[in-house]
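Worksheet: the structure to be examined is printed underneath.
A, B, C and D label the chains in the order they appear, each numbered from 1.
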Amino acid sequence: MFDPHILSVSDLSVARGGLPVLAGVGFDLVPGQALILRGPNGSGKTTLLRTIAGLQLPLQGAISGADDRIAYAAHADGLKSMLSVTENLLFWAEIFGYPQIDPALDAYALRPLATRLAGTLSAGQKRRLGLARLMITGRPVWVLDEPTVSLDSSAVAMFADAVRAHLARGGSALIATHIDLGLDADVFDVSAFRAQTNARLGASDEAFL
Amino acid sequence: MSIWQYANPVKFLSLSAKVQPVLWVAAGFCVVVGLIWGFFGTPDDFRQGSTVKIIYLHVPAALMAINAWFMMLITSLIWLVRRHHVSVLAAKAAAPVGMVMTVIALVTGAIWGQPMWGTWWAWDPRLTSFLILFLFYLGYIALWEAIEDPDTAADLTSVLCLVGSVFAVLSRYAVQFWNQGLHQGTSVPVATGGRTVSDVFFYPLVMCMVGFGLLFLALVLYRTGTEIRLRRTAALRARAGGNV
Amino acid sequence: MKALLVRDIKLAFRAGGGFGLGLAFFLIVTVLVPFSVGPQQALLGSIAPGVLWLGALLACLLSLDRLLALDFEDGTLDLLVTSPLPLEGAVSVKALAHWITTGLPLVLAAPVLGVLLNLPPAGFGWLVASLALGTPALSVIGTFGAALTVGIKRGGLLLSLLVLPLYVPTLIFGAEAARRGALGLDPATPLLMLAGITFATVGLMPFASAAVLRMGLR
Amino acid sequence: MTPDLGKYAVEVLSAYAASVVLLVALIAVTLRRGRIARAALKEVEREVKSDG
C-alpha cells in the first residue's frame, strides 16, 4: 500500500529548447487513478512528463506530491547490455531499496530470460525488462513515456495487467501513449494547452524578443 | 534607476550604440599614440637595447589577458546568480579577445626572450602560466561552440569559468613552486605603488595600457551586441515557428 | 551507493568495459619512451618519475569519456537523477569506481614500469605514494570534465582539452614529489600540496560535477 | 624617420608586426561577424513584421 497523496499539477507551463510548448496545464492524479496523455507528435507530452519527473524545470506553475514518489520510464530503458536480466533488476532494486525482484520477473515473463545478458535480448524483451524495473522502485506514481513501443500484443497485455495491479495497490499512473491499453483510465489531451507563439511565460528567449 | 536595467538586451544595445563611437576613437587614439610614442620617442635601455620597445605590446596585452578572464569570471557569476543574458554573452564575447591578448603576450614574450635569455621559450613561471591561461581560453571557447542549447552552454561555460579560475590560481602557485624563473619582476607593481621602470618608459606604457583596455572594452561591447543579435534572430525565427 | 559502485566495477571488468585499457596504454607509453629518447640508463633514471606520472595521467584521461557518456546514452543517467540517490553521491561513487578500475591498477603497475625506466631504488616508495595520493584527484577532476561534455557528440577530444589544464597542479606536485624522492631529497612539501589538492577536489568537485550534470540534462 | 634599433631590429619589428597582425585580424573577424549578424536580424525582423 502506498501513501495516499495526490499528485497535483496546477497552471504548469513547460518549455522545450527555450520555447514554451504547453501553458496552463492542470490536473490531479489521485491514488488508484490512471491518466492517459494524448496529443500529436511534438505537442509537448515528453516535455511535460520530464518536467513532472523533475528532470526539467517548469517555466511557471506548481507540481506537488512528486518528490521522491515518481518512477520514470522513457524511450531509453537504462539497461546495461553486459549485465544479465537479474543483475540489471537487482541493481535498480538496491538503488531504490526494494527487497525483491521476483514479482517483477513474473509479471513480465522474464524468468526464462533471467540469466541472459540484456544485450542479447530483442527490442521487445528489453522493453519488458525496462518496464519491470518500475515494479521494483516501490514508487507510487508511474510516469511513462510511450511505454508500449516495440511490445507485441501479449506483452501489452502484461503491461496493462501490471498497471492494473499497481492501481489496485493504491498507486497511480501518468502514461503518454497512442494505443488503447484497455485500462479504465481518464484521457487528458495536451493539445488543448498548446502555448501561444507570443506567450510570455518566462522562457529564456523572451529577453531577446 | 538600477544598473540592472542594462541587463535587458534591447536597453544594452541602445546604450552600447551610444558609447561605442567614443570608445573606438579613444581606444584607437591611445593605442596608436602610445605605440608610436613608445616606438619612436623612447631611448634604448642600457641593458636590453632596443628590445625594451616590446614592453609597450607585451605588458598591456598580458594585463588585458588576465583582466579579460577576471571579467569573464564576474559576468559568469552574475549569470549564475541573476540569470542576465547580457552578462553571460559578454563573457562569451570577451573570451576570444582575451585569447588573442594571451597569444600576443606569449608571442612578444618569446620574441623578447630570444635575445635576452638566449632562447625562444623558457619554462618560466610567468610564460608557463600564460600558456595554461591560453588552454583555459581554448577550452572555454570550445565548450561554447560544442553545446547546441544556448542556455545550457551558458550554464556549463560559466561553471567551467568558475572552476577554471580556481585551478588557474592553483596552477600559478604550482608553477612558481616548480621553477623559480628567469622572468624580470613585474614592471608596474600596482600593489606597492612604486614602479621599476623609469618615467621615460613609464608614460607611453601607461598610454598603451589604457589604450589596450579601451580597445578591449570596445571589442567586447561590439561582440556582445553581435551575440545579442544572433540570439534575437534565433528567438524570432523560433517564435515564428519555422515560417521565417 | 554500494550497488552503483559494484555495478560500475563489474561493468568495467566485463567484455568491452575497458578495464586494462588504461593499464595497456601506460605500458605502451613507458616502453616507447626509451625508444624515443635513447637507452642511456642515467637519462632514463632521471626522467622516469616524470614519464611515469605523465603516462598515468594520460591513461586516466583515456577512459574518462566513457565514465558518464555511456550512462547518458542508455538513459541510466535520467533514471539515476529521479532515483533516491543524491546526485553528488552518485557522481562521487562513479569517480571512485573510475579510480578503482583505472587509477589503482596504475599505482600498482608503476613500480614494475619503474624498473624498465631505471628508476633509482630510493624513488619507488615515493612514486607509489605520490601516485596513490594523486590519482584520486585525477579521477574526480576528470569526472567534472566528463559531466561538462556528457551530452556532446564526439566529446572525447573536448573533454581532454577541458581537463588537461585542470590537471596541471596535480601533475606538477605529484611528479615533483616522485622526482625528489628518486633524488633522495625531501619530498614532504610537494606531497603535502598534493594531499591538499586531492582532499579539496574529492570534497568539492562532486558538487560542481552534480550541478553541471543537472544543467546538462535539462 | 625609423629609430636605430641596433642589433635587435628584427626582434622588435617582428614583435610589432605580429601583434598588429593579430589585433587587426581580431578586429576584422569581429566586424565581419557583427555585420553578418546585423543583416540576418534585419532580414528576420522584416519578415516577421510582414507576416503580421
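Miscellaneous remarks
What we mean here is this: contacts are C-beta pairs under 8 Å (C-beta built on N, C-alpha and C of every residue); 3 or more make two chains touch, one makes a residue touch a chain.
The shown structure was predicted, so the numbers you read here are calculated from the model rather than taken from an experiment.
Between the chain pairs A-C and B-D, more C-beta pairs are in contact across B-D. The most central chain, judged by C-alpha centres against the centre of all protein C-alpha atoms, is C.
Chain A and chain C, compared by their mean Cα positions, are separated by 37 Å. The centroid of the Cα atoms in chain A and the matching centroid in chain D are 52 Å apart. Averaging C-alpha coordinates per chain places the centre of chain C 41 Å away from that of chain D. The centroid of the Cα atoms in chain B and the matching centroid in chain D are 15 Å apart.
Residue positions of chain B touching 2 or more other chains: 232, 236, 240.
Residue positions 218 of chain C are each in touch with at least two other chains. All chain pairs that count as touching, in label order, are A-B, A-C, B-C, B-D. On the side of chain A, the complex with chain C involves touching residues 53-57, 68, 70-72, 74-80, 82-83, 87, 90-92, 94-97, 133, 137. Chain contact summary for the complex, chain C toward chain A: residues 2-4, 7, 10-11, 14-17, 71, 73-76, 78-85, 217-218. Of all residues in chain A, those touching chain B in their complex are 17-19, 197-198, 204-209. Of all residues in chain B, only 132, 135-136, 138-139, 142-143, 146-147, 152, 155-156, 159-160, 162-164, 167-168, 170-171, 173-175, 177-178 touch chain C in the complex they form.
Put simply, chain C touches chain B in their complex at residues 144, 148-149, 151-152, 155, 158, 161-162, 164-166, 168-169, 172-173, 176, 189-190, 193, 197, 205, 208, 211-212, 215-216, 218.
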